[in-house]
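Two complexes follow with subunit A in common, the first pairing it with subunit B and the second with subunit C.
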Partner chain A sequence: METFAFYFFAVSITALFAVTVWSKNILYAMTSLAAGMVLISGLFFILGADFLGVVQLIVYVGAVMALYSFAMMFFDATGEIKEKHSHPGLVFLLGGLSAVVMVVIFAAPVIGASAPSFYPPVEGATNPQAVGLVLFTKYLVPFEVAAVMLLVAMIAGIILAGKKMDTSITEVTDDIGDTNERI
Partner chain B sequence: MVGLNEYLILSAILFSIGVVGVIRRKNLLMLFFATEIMLNAANIAFAAISSYHNDLTGQMFAFFIVAVAASEVAVGLGLLILIYKKYGTLDLDNFTVLKG
Partner chain C sequence: MDGYIIGTIIKAILVLAIISALAGFGTYLERKVLAFMQRRLGPMHVGPYGLLQLAADGIKLFTKEDFIPSGANRLIFMIAPIITAATAFIALAAVPLLPEFELFGVTVRPIVADLNIGILFVLGMMAAGLYGPLLAGMAQKNKWGLLGAARTAIQFLSYEVVTGLSILAPIMIVGSLSLIDFNNYQSEGIGSWLIWQQPVAFILFLIAGYAETNRTPFDLLEHEAEIVAGYATEYSGMRWGMFFIGEYANMITIGFLASIVFLGGFNSWGFIPGGLAIILKVSFFFFLMLWVRASWPHIRPDQLMWLCWKVLMPLAVINVTLTGLWMMV
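Up next, the complex of A and B:
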């Protein structure tokens, strides 16, 4: 059953993300990305990382995709995107090769089984309890730094997107164009 | 039974899809989508290694990656909206201000 679930999730996630990368329509790309992220949380549940699966569902599918869909209201997302591709085969080869090399570099020491286990889960604790025990003892400082980073990102997002929000996009006179003409 | 290798292979495939998307795409919003795919592929690898090595460090890293991805999207989308207001397009080939 677990094997079947893994292969089902793996095949669907790969197909959905392929649609995201190769689709010409922004709406299709975003929808398939959201669906793929839901299925990835399924993989986390199979692995026993319950807390991470719930975080994936809430943060990625809930917050990130909602942000994307809000941002899409500013862009013209109905039509097809026109992109100029000069060497599609070369891009595929180079991208695939570099990605595989990176994964092998990072995964090889771990597969070699030489890596020691620093923080094994506490006996008898469920996954969220064990995660909380490690997160609020060994990783407390990174946790607080991440909180400050999220605050900074929130303020930056509000200031960047909220600028000139009271005027319509078509009525905004762009300063860049004027300076270019003067030059 | 599914071993660690299957998860790492899946992660490698998804990461390749993301890298191909980053190289191939000319639309900035689509570039963001490809970045999210790469972050998620790394998360799968972290969670799988954490589970099979009986070590919670991997899950911690995946957790922080999610936080970084959320803040990256917040700032990046703000910048994208500014760019779209200024130039009226998100196509990378049009941003040639520095071209000599």
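Up next, the complex of A and C:
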């Protein structure tokens, strides 16, 4: 049952992401990317990592994809996109190399059959507790650094975007009028 | 194991059948309640008190021509309503609907999948449901539809933080993400209901829930006075019906979540048994949604964003901080 579920999810995810890469229609690309993200959470559920599966759902399917789709509003979603490939060879080489490196990194311990678990799951802890224990003891520093980095990015984003945030949008006067006067 | 699988399948089918029937009945209730609040009678002609209006609407929806506009992206256009309806029902899978009961000597637990992270799963799945309106709006090559899709994205970015932060404070108090633990925490009568400890979180969650289900002060996605029917402009027949079933199923889910997390769930309530108690609570929340719809005007998308990010989110953060301090002391 589990094997069947794994292969089902694996094949569907690969197929959906292949559509994302190869499709020239931006709407198909976005839909298949979102569907693939949903199915990846299925892999987490098979592994018994319920919490991470739901985090995958909320973060990638919810938040990240909502931002993508927000950017999609600037495109004509029903037409085909003309893609520009300036250096296809170079892209292929770099992409292929990094893919091979990733596969080797993640497959090496499995092939060597010696994947020691440095921080074995705590007995009796539920899923979120186990994640929290590792996150707030061993990985506390990377976790806090990531938090600070996100905070910096957020403040930068607000400063870049929010020049007139203290007035309501309906009360913002037209900028075009002002520039015309100056000209 | 086999019994478990068969039981789960039966439960899934029952939930699907009952909730979609209730969703259909919800449209009748909504028209009736709105009508009484506006001193009209509502549907009266088909059957006693217009009760068979439901069947008439159903026949109309099923037999109407399934129309796909020529410029639209056919595949996505056809998938979008299914996403809305499916995610609404998948979200219900992790909600305990009634207390345990005995049937033919077997103890039945009326929850399809008892996840230990139930509440996050429900919220995540309901968030994924927004892909329905989003893709529908973008696939139909209609400007009103596209505006509806843009508003979907804006609405999602507005309320999601408030939902998560408002529910965080009760989660901290209970110390679990399982909805059944929430229910058991409040088993000592009305005094132990979480609403007394977390009134702010309750109100924030309700407001965010209304935005999540596109109920009236925040139904910007299909605001008929501004953008015709928003994301549903080009839809007709059963595809349009699926959007509605999804929306009403989501309303019921929010009602269950609010009752279980804040109002004592399916614990028996004085002389009222638990099963009846939760049905009464969910009915009250359903009625409250209709009441709000009859009382309040729509707001603009920028007002929703202003409300969520400048008022509700700081309130929610303060609430979470105070709860944390109170728990430490």
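By definition in this document, the second predicted complex is superposed on the first by the 124 of 183 C-alpha atoms of A that agree within 3 Å, B and C clash if a C-alpha of one lies under 4 Å from a C-alpha of the other, contacts with A are read in each partner's own complex, and residues count from 1 in each chain.
The rule is simple: a residue touches a chain if its C-beta (ideal position, glycine included) is under 8 Å from a C-beta of that chain, and two chains touch if they have at least 3 such contacts.
This is a predicted model, so every value here is computed, not measured.
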item: Partner chain(s) touched by A:F51 [first = subunit B, second = subunit C, both, neither]; value: both
item: Contacts of A:K84 with subunit B and subunit C, given as first, second, both or neither; value: first
item: Subunit B versus subunit C as contact partner of A:T31, first or second or both or neither; value: second
item: Dominant contact partner of subunit A by residue count, subunit C or subunit B; value: B
item: Which of subunit B and subunit C A:L160 touches, first, second, both or neither; value: first
item: Partner chain(s) touched by A:P128 [first = subunit B, second = subunit C, both, neither]; value: second
item: Partner chain in contact with A:S69 - subunit B first, subunit C second, else both or neither; value: second
item: Residues on subunit A lying within both footprints (that of subunit B and that of subunit C); value: 51, 55, 63, 67, 72, 169
item: Residues on subunit B engaged by subunit A in the complex (per definition of touch); value: 1-2, 4-8, 10-27, 29-30, 32-34, 36-37, 40, 43-45, 47-51, 53-57, 59-60, 62-64, 66-75, 77-82, 84-87, 90-91, 93, 97
item: Contact set on subunit A toward subunit C in their complex; value: 25, 27-28, 31, 34, 38, 50-51, 54-55, 57-58, 61-63, 65-67, 69-70, 72-73, 77-78, 126-128, 168-170
item: Residues of subunit A defined as touching subunit B within the complex; value: 2-3, 6, 10, 13-14, 17-18, 20-21, 26, 29-30, 33, 36-37, 40, 43-44, 47-49, 51-52, 55-56, 59-60, 63-64, 67-68, 71-72, 74-75, 81-85, 88, 91-92, 94-96, 98-100, 102-104, 106-107, 110-111, 115, 117-121, 130-131, 134-135, 138-139, 142, 146, 149-150, 152-154, 156-161, 163-164, 169, 172, 174, 176
item: Parts of subunit C lying in touch with subunit A, wherever the complex brings them together; value: 71-73, 75-76, 79, 115-117, 120-121, 123-125, 127-128, 130-131, 134-135, 138-139, 141, 146, 149-150, 153-154, 156-157, 160, 164, 176-177, 302, 306
